[in-house]
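Got some structures for you, see below.
One chain, subunit A, links the two complexes that follow: it is found with subunit B in the first and with subunit C in the second.
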Partner chain A sequence: MQQLYNFAVGPLAWVAWAVFLGGSAWRIASMWALARKKDMNAVAYMDVRFAARSMARWATPFATLGWRANPAVTVATFSFHTALVLLLLFAPGHAVLWDYAFGVNVWSLPEGIADVLTVLVILLCGFFAWRRLQLPTVRYVTRPMDWLVLALVAVPVATAFLAKQQIGDNLLMSTLHVLSGEATLMALPFTRLSHALFSPFTRAYMGSEFGGVRHCPDW
Partner chain B sequence: MSATEFSGIAERRIEDANLIRGVAALTRERIERVVKAVTKGEAGARLAVYHETCMRCGMCADACHYCLSHGGDPTYSPVGKMEQTMWKLLRTGGKVDPDDIYGMAQIAYTECNLCRRCVHYCPVGIDTGYVMSMVRRICHRLGVVPLYIQDTAHSHSGTMNQMWVKDDEWIDSLVWQEDEARGEIPSLRIPFDKEGADFLYSVIAPEPKFRTQLIYQAAVIFDQAGVDWTMPSSPGWDNSDMCMFTGDYEMMGRLKRCHFEMAQKLKVKRIVMGECGHAFRSVYDVGNRWLGWKFHPVPIVHSVEFFWELLTEGKIKLARKFDEPVTIHDPCNIIRGRGLMDKLREVTHALCSNVVEMSPTREHNLCCCAGGGVINCGPPFKGVRLAGNKAKADQLAATGVHTVVAPCHNCHGGLEDIIHHYKLGMHTKFLGDLIYDCMEKPGAA
Partner chain C sequence: MKARRSLPVAAAQMAVLLATLAAALLLLLLPPVATAPAQEDMTTLAPEALAPHSRPAASFVHDTHNEKARIEDCGVCHHGTTEDGRRDPAAPSSEGTPCADCHAADNGSRGKGTPLERAYHRQCMGCHKQQAKGPTACGGCHAKA
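Let's turn to the complex of A and B:
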């Protein structure tokens, strides 16, 4: 198990980062090339000012009709993404890895805050799962891919929690955490997690169309 | 977590002669070929990214009048309709049965008005209107289009107008309205083909066909405002476009080219369009792109904006105000498509002494359920519109007024239908109706 852990935090981590970065770059570059080839009747209207306006609006809780109409989803979505990004970048364990792999000293979250954020993300994964199971409008359009991406987030965070709280075999949980985290990293460009790559473009395009052509708010 | 617990379109299939005929001629191979030709050949990154990044969160359900009117039935939500159509086609690579295409056509043509209200609900920025338009494009290329709207598309092909109006009938209609109007304003003319006029006035073919008095009213307004205008005597006068809605983009391109070229031939400074929403969408937003113009070779102005100009510049003076309380319906194609919500209100408030806003209002207003070509799918699908827009009927009733200002032809048709069906005791008015009624007419006999 120790060998597997060492492999996971060593060579496999580099592979995961390479797949994530290379895959993301390839997906964005190839999609942009396809857009330039086939979608110039949309690309031509891209406008930085209107794109930024739309992105800022949608990045503000309750600043749009959709957010206001779905308050629980709004609170959950903003909390979920904020906590996740904070943990990814600044969890104490991750700060050690930043230093170990890149020699970079990164500020880290206090232990207590990191624990709270970890529990919060787990609970919010539960909330999103509950929506997919219980709300007809969500259940009707939920496909295996949606469960996969939820699991790709939930498993690394849950195993991090178990490892941190010394529940179960610590080495096993730590190994599972690293492996599942790397799976998520590698899957991001190739699953619906790719909304992290593409939604800035779809948002920017909608903002540009509504700002520059339709002269109407898109929120 | 499958679609099986909700039957969706399968349980609400409606007979349409052309859908039946079109589907009977399909094979799985042909469907797959056409789906790939459209999704891989015509479409590109936009469609692929929408499919990939739609998070299936369901937030758009609250946006759609069909979904609201059917008690939150998920098969009517924007994402539910994309799931039953384009998402299924992309997921399967077009490997579906002819029978599936029937349901997809019914959803795309009759259960989505392409109103884009769901844009205000989607954090990611998915454009359901675009996705459903691409479903229609596939259906068009498969020859599976509802009979009535296909007939209007045929009319466009045969006559370059939507209503089979012959060239001499068009001229007769204008001369007839000029004669009628001269009874009221003896000096009035409808100027044909006047080169270099300030603007060309274009209308949709249903105006000469069914609502000819609107041409009379427009002529009186323009004449009394003292503006320099013209109408064309030959094809190119009709700005409407059902081909845009059937998915016949080649024909849409011909129509828009004809319209723009007529304006260029007459060397007018701009085109002013009558109170129609879908035609504005076609000329201002869609047809120009198909023809490769980023914007427009001749500036395009909708009547709402033009009336606003006439009033603010003092070219029209009002003899009185309309005293009954009115409410304002916001047509999607000129509000969400052009941002005319403020000018619409300024004009309405100038004309009416008591304006009661609907809730929601402006760009968040609910759709009429007629646009997007849905009303043009004809009598077989009238019930779809009536049941699918109870939400609008409730919204109208809550205003407590009897007059709805709606500067769009399709909105008039759709609203009148639900007003009658739900016994709301209301009626609709164009801005032109109100201006004609309330304006000073110094040239009147």
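Let's turn to the complex of A and C:
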């Protein structure tokens, strides 16, 4: 198990980052080529001002009709994404790995805050799972892929919590955390997690279409 | 009927979410887990220079470790340095000199040399990886007492 952990934080980490970066570049390039081929009109109407306006609106809680329609989901999704990104970039354990491997000193969250954010993300994964199971409108549009991407977030975060709090076999939890995190990183460009890559383009498209063609706001 | 149905759904979602957020907030109110201070010499590594310590002290029983790892040369860990402060295996070893005397406690320091926390991590984890023996995950050394 110790050797598997060493392999996971060593060579496999390079593979995971390569697949993530290469896969992301390929997905964006091929999507761009497809857009130019099939929807040149939309590409021609792309407008930075309308795109930025749409992004700013949709990046602000309750600044759109969509965000106002369902306050619980708005609060949940903003908390979930904010906490997740903060943990990815600034978890104290992640900072130690940057420092160890590259001698890069990264600012990190205080331990207590990181712990609370971790629990928050786990509970919000539960909230999203509850919606998919219990609300008919959400259940109707739920596909196996949706469960996969929820698991791809929930497993690394749950194992992070168990490893950090030293619940269960610590080496096993640490190994599962690193392996599942790398699985998520590699899966990002090729699953619905790719909204992390494509959401700026979606907003740019919608913002430009509504701003430049329909002459009305898209929020 | 439809309008009457949609309100409870939104309210139910809000109730579930609020319960979720309340659970997370409760954690903030819990007292932090106290870590046992190092009582005896050389059972843990918790240099004062790095206080306040955010993780449990790294367990390290000096003699047991070195017996197990078959380290007889003190200079393997208590390494000497060249005149300009670089690690030098050929230089006289440095036991008795606290690591913090040379390694700056501030990890953000841009001065010469490896900062203290990085020096510990690289010394321990680096050797453990190289030898393919000994823990390298956080909790392997920073175990709760």
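By definition in this document, the second predicted complex is superposed on the first by the 217 of 219 C-alpha atoms of A that agree within 3 Å, B and C clash if a C-alpha of one lies under 4 Å from a C-alpha of the other, contacts with A are read in each partner's own complex, and residues count from 1 in each chain.
As a convention for this text, a contact is a pair of C-beta atoms (placed from the backbone, for glycine too) under 8 Å apart; a residue touches a chain by one contact, two chains touch by 3 or more.
Since this is a predicted model, take the numbers as computed values, not measurements.
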Touching partner for A:132 - first (subunit B), second (subunit C), both, neither: first
Partner chain(s) touched by A:218 [first = subunit B, second = subunit C, both, neither]: first
First, second, both or neither for A:41, with subunit B first and subunit C second: first
Which of subunit B and subunit C A:73 touches, first, second, both or neither: both
First (subunit B), second (subunit C), both or neither touched by A:115: second
Partner chain in contact with A:6 - subunit B first, subunit C second, else both or neither: second
Subunit A: partner with more touched residues, subunit B or subunit C: B
Which of subunit B and subunit C A:171 touches, first, second, both or neither: second
First (subunit B), second (subunit C), both or neither touched by A:203: first
Partner chain in contact with A:58 - subunit B first, subunit C second, else both or neither: first
Subunit A residues contacted in one complex by subunit B, in the other by subunit C: 70, 73, 131, 135
Subunit C-touching residues of subunit A, taken from the complex the two chains share: 2-3, 5-6, 9-10, 70-73, 75-76, 79, 92-93, 96, 99-100, 103, 105, 110-112, 115-116, 119-120, 123-124, 126-127, 130-131, 135, 163-164, 166, 170-171, 173-175
Residue ranges of subunit C touching subunit A (in the complex, touch as defined): 9-10, 13-14, 16-17, 20-21, 23-25, 27-28, 32, 54-55, 107-108, 114-115, 117-118, 121-122, 125, 129, 132-140, 143-144
Touch list for subunit A against partner subunit B, complex: 31-32, 34-35, 37-39, 41-42, 44-45, 54, 58, 64-67, 69-70, 73, 77, 131-133, 135-143, 146-147, 192, 194-195, 198-199, 201-207, 210, 213-219
Contact set on subunit B toward subunit A in their complex: 1, 3, 5-6, 42-46, 48-50, 52-53, 55-63, 67, 72-75, 77, 79-80, 83, 91, 119-127, 285, 289-290, 294, 335-339, 341, 363-364
